[in-house]
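Chain IDs A, B, C and D follow the sequence of writing; residue 1 opens each chain.
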Amino acid sequence: MSLRLGVIGTGAIGQDHIRRITRKTHGARVVALNDIARAQAQAFAERERLDARVVETAGELIAAPDVDAVLVTSWGPSHEELVLASIAAGKPVFCEKPLATTAAGARRIVDAEMQGGRRLVQVGFMRRYDAGYRALKQTVDDGTIGAALMVHCAHRNPAVPEAYVGDMAITDTFIHEIDTLRWLLDDDYVSAQVIEPRRTRNAHAGLHDPIVVLLETRKGIRIDCEVFVACRFGYDIRCQIVGETGAADLPDPPSVALRSAGRASTAIQMDWKQRFVDAYDLELQEWITSTAAGAVSGPTAWDGYFAAVTADACIAARQTRRIVPIEIGARPRFYG
Amino acid sequence: MSLRLGVIGTGAIGQDHIRRITRKTHGARVVALNDIARAQAQAFAERERLDARVVETAGELIAAPDVDAVLVTSWGPSHEELVLASIAAGKPVFCEKPLATTAAGARRIVDAEMQGGRRLVQVGFMRRYDAGYRALKQTVDDGTIGAALMVHCAHRNPAVPEAYVGDMAITDTFIHEIDTLRWLLDDDYVSAQVIEPRRTRNAHAGLHDPIVVLLETRKGIRIDCEVFVACRFGYDIRCQIVGETGAADLPDPPSVALRSAGRASTAIQMDWKQRFVDAYDLELQEWITSTAAGAVSGPTAWDGYFAAVTADACIAARQTRRIVPIEIGARPRFYG
Amino acid sequence: MSLRLGVIGTGAIGQDHIRRITRKTHGARVVALNDIARAQAQAFAERERLDARVVETAGELIAAPDVDAVLVTSWGPSHEELVLASIAAGKPVFCEKPLATTAAGARRIVDAEMQGGRRLVQVGFMRRYDAGYRALKQTVDDGTIGAALMVHCAHRNPAVPEAYVGDMAITDTFIHEIDTLRWLLDDDYVSAQVIEPRRTRNAHAGLHDPIVVLLETRKGIRIDCEVFVACRFGYDIRCQIVGETGAADLPDPPSVALRSAGRASTAIQMDWKQRFVDAYDLELQEWITSTAAGAVSGPTAWDGYFAAVTADACIAARQTRRIVPIEIGARPRFYG
Amino acid sequence: MSLRLGVIGTGAIGQDHIRRITRKTHGARVVALNDIARAQAQAFAERERLDARVVETAGELIAAPDVDAVLVTSWGPSHEELVLASIAAGKPVFCEKPLATTAAGARRIVDAEMQGGRRLVQVGFMRRYDAGYRALKQTVDDGTIGAALMVHCAHRNPAVPEAYVGDMAITDTFIHEIDTLRWLLDDDYVSAQVIEPRRTRNAHAGLHDPIVVLLETRKGIRIDCEVFVACRFGYDIRCQIVGETGAADLPDPPSVALRSAGRASTAIQMDWKQRFVDAYDLELQEWITSTAAGAVSGPTAWDGYFAAVTADACIAARQTRRIVPIEIGARPRFYG
């Protein structure tokens, strides 16, 4: 039996996910759509020849008896309300990043979900589904490098649009490392620090770029991550875990090795969309499969909440130029 | 509308393909199965909860009105007859390697297909669907290394079973390079030579391993390929194309880079099944999509025939220790 | 005309340098030796068939009319006095690390040298002579990666002896990065911070290992350096400079690339002595050549002093867990 | 005591060697020079402030009582006569490639040397002194890859001058692999074959480029070597030895790894002179050291003779397009 999905938000990422469900994944179909721009949703449904109706309101979609589960791919500020409504309706919900725009909002979701007594929420941190990160986690988990002690990362983009300003290096970019490294290390953060190196002349006026973020975990593992979004040279994601007896690096995407004009070279991707495209596919497939089986196997509301709290601490650390503690109670038993 | 498939042969590769169609690809479903071991087919269908009937004979399956296209994954010696029957029935047919066990048999298929007036046959050369080979072909095609002049290859397996004997290094192993390089270079072969280096002590008694195969193309490109199936150290597929201004290498599969015990290392796969698993998925998906659209986009019967003739020449070259010409008429216009 | 050298201290490093002068470099010869263990010096001179006399005291050696220049390779605590004596005698002096055991001592040397009105002192920071670091500096200097913004380093040893304790990770190990990075970046430091990650179980009882040192330069460049001296897996020196348009890495020493037992690998050196052996040769050769020409071309007393002040700041930063400013006046014009 | 050398031929390579002896190596000095262009030799001696006299004839130089050993760096066609004269005079002689311009000439040297009863001749095959090749040989010799079965090589130059024509790809270029691989494998050749791939448009009119040379050894090891002297992209020397349990590659020269403009790259040298510069230094140093000790430790007259016979076989194989046997008696005991 196919899982019947309702999708709220048919912008770029919503359309991508719907196409994924139609063409790549198995076990689910989209039966209902909603978007504040109704006409756009309608047009998309027709263009894609979806066998799905466009419903008037998000609430109506969530309530619809033929909608087994909800995909929230709308504007960020709407996420909290939509996820809470899904929980209230007792329906599994996949919510794109961020789970909520504030830590308090994410906490409300955690509380509501626990009150409901059943895990329903998955947050869209897709890097956990990347084959490279999974291989790296396997290397750590099977003891190949001994206990992890340090992590050195870089998150580099060739350029960002003018709309990318302020602390988006943390909330939009580094947020991926925040979630991925907790999962990789099976650990939580206890403090954050942010360093602002010399500014590149290639960033637009509204941006101090790059930054270096330092995190400390409960086990004492120390993480340093360069976040450099106007680096010009490529979309370059690096992650080295150093353990007691060895070091392991996230693999680069494969590339034809070229010998030409005095250089031996491989390509660095320039477009971030290519980098994790397979991870997005797998993320949705595993969500569909586990939802159909009545479970949540991916990043939970607690993970989304922890990420929000950590991002807030990073922002505070940046503003104060101090080491900011990350204080969050122990993980509730509910989240295993 | 979903393409309705009949599958002849439900051994290992047949089962793999059926699972692929059920779980990975879109646009087709299996409606009928046939195998000389009927009970096995029946058991498999039940285990997989396939909504497909098991039919008594291959002929019945090919003739069935609800079978739009045929997948031949039976024992090699049966391929020729089954493909000819599919052509006679006017049905698209995907045939696993080999198209026929002799070049003459492959030629009969080519002739039958041309006589029928419509391209119906695709041969299962899956490397053309590997992302790495496609990137390599793109590099050649877009002129990055200038006109191709030489190709250096290696096809290495850690070990082969006792049943792997005689000229299987050519007919089962090197056959992949035969097809892939013709496609990569967009060229045909004109001669073959085989060299037998010093024999490894790690091959079983029935096998002279390794060998080196040399091919010459119509354009004068020279190919050398090491075929070493008891190399012990890994399943290692290498392909470097040297052009007038550069050289390009097939990428290795991505791997965590490890620094440990005085070595910086990456993994070489040991199991050939992993190496091209994505290529198999894509091969079937593209076959389904193009078949539904009424066309053959993959390796044709002509390609299967050319591969068979080339393999025969390699075998003759090995026996005679001479350079053996590959004589085959120009590609019929029918095969574009 | 050959430069006539007097060597004070004929322990391991002194013997290495003497053999270098005898067998590798050109333009100098050792004419006098001194060591507090006179018999050992005498025995070494005989074993090596040196045409050099062993003199009773260091002062006598420095004063000897046939000694054109002095090599100080004695015990660290003696360096300051011997270098000051050489300056007083108006003789060029090459002093192994450290220039003095305290920053104040190094400052006294700087003051004495300036007072003398002529640059006479070179400190033994050999990494500036390593071909890899020189190529890296060239890459930075010629603008290939734009202005430098960040540096990511690691200084890893497989193991250290029991005698290696306390802050030797800074004074004996990281001291190399302190000097090399100032030279690479043509910049000075303004602050230091030290982080203590989770401790490896492979370090001996007296040692907290690894540490991470963070330095900030006058231009705002931010440096992070992992110092991990019981890493087990190799002597692994890494340095990546990230600039406005690219990143450049210190090359690893060349190694046969091996494909074996499921791994593609290269060697990481286990013995630090091999790593910079060519740099030591070149260091001495350039010192001899420039000394013969009446100049100092290598690391100056000022560089030695700056390194000592920076090391002190790192130690204070480690103890206080705070960011410690590095305050040192502007470079005197005397040191160009 | 310093070895007193006489150098015949003060062209480019002669001058390089003399500078090496003066500035890099230890244990020898040049006491006499000869060149058919006497004035040029005189000018060079003055420019370099050599403490050496220019003598009228090569014969006079060889005979001079203060000349302990001879360096032949004159025009190729003069080598045979000069080496024979040195042997007649009982003096050690280092002769640049080729030992003689014909195999017969090289044989005459072998015979003369054996008749003299003492090994005196070393041929200038410098690759045996390259650190990379030595590490590769070590890997083979210590059994890391099991018994060698195949060797895949490439010898690539970006371009060659107009004067480079005919079979110089064999006599000037591939000659290096001929000697190096015999030494690496500790084996002799028994046959040669040459293949002419499609010609690059970047070679000048007088040149068919590239070629592929195939050699077979006494043990049955099979070698393929691409020789491509107008490859445009770099001076690129590759050598992979495939053994029963692994494969080992000659290391590339170290290079700063750059990430820039969408590419991760390292440099390929463009100028062949850089590639083996350290090997030339070591070659002369070891020759000086062993000559002073009364022995020949490097490539012998027999090696030079074997190389000449092999090159002749390659040329014949190219002309006849056949596999040409290499017939040469067993190595005389004299050459151990």
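Here is the rule we use: contacts are C-beta pairs under 8 Å (C-beta built on N, C-alpha and C of every residue); 3 or more make two chains touch, one makes a residue touch a chain.
All figures in this text were calculated on a predicted structure; none of them were measured in a lab.
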Comparison of B-D and A-D by number of C-beta pairs in contact, larger one: B-D
Farthest chain relative to chain C (centres taken as mean CA coordinates): B
Separation of chain A from chain B, taking each centre as the mean of its C-alpha atoms, in whole Å: 39
Averaged-CA centre spacing for the pair chain D and chain B, given as whole angstrom: 45
Cα-centroid distance, chain A relative to chain D, in whole angstrom: 59
Contacts with 2+ other chains: residues of chain A: 232-233, 245-247, 252, 259-261, 266
Chain A-touching residues of chain D, taken from the complex the two chains share: 158, 232-234, 236, 252, 259-270
Residues of chain C touching chain D in the complex: 22-24, 26, 131-132, 135-136, 138-139, 144-145, 245-261, 266
Sites on chain C touched by chain A in the complex: 146-150, 152, 154, 195, 197-202, 210, 212, 214, 216, 219-222, 224, 226, 228, 231-233, 242, 244-247
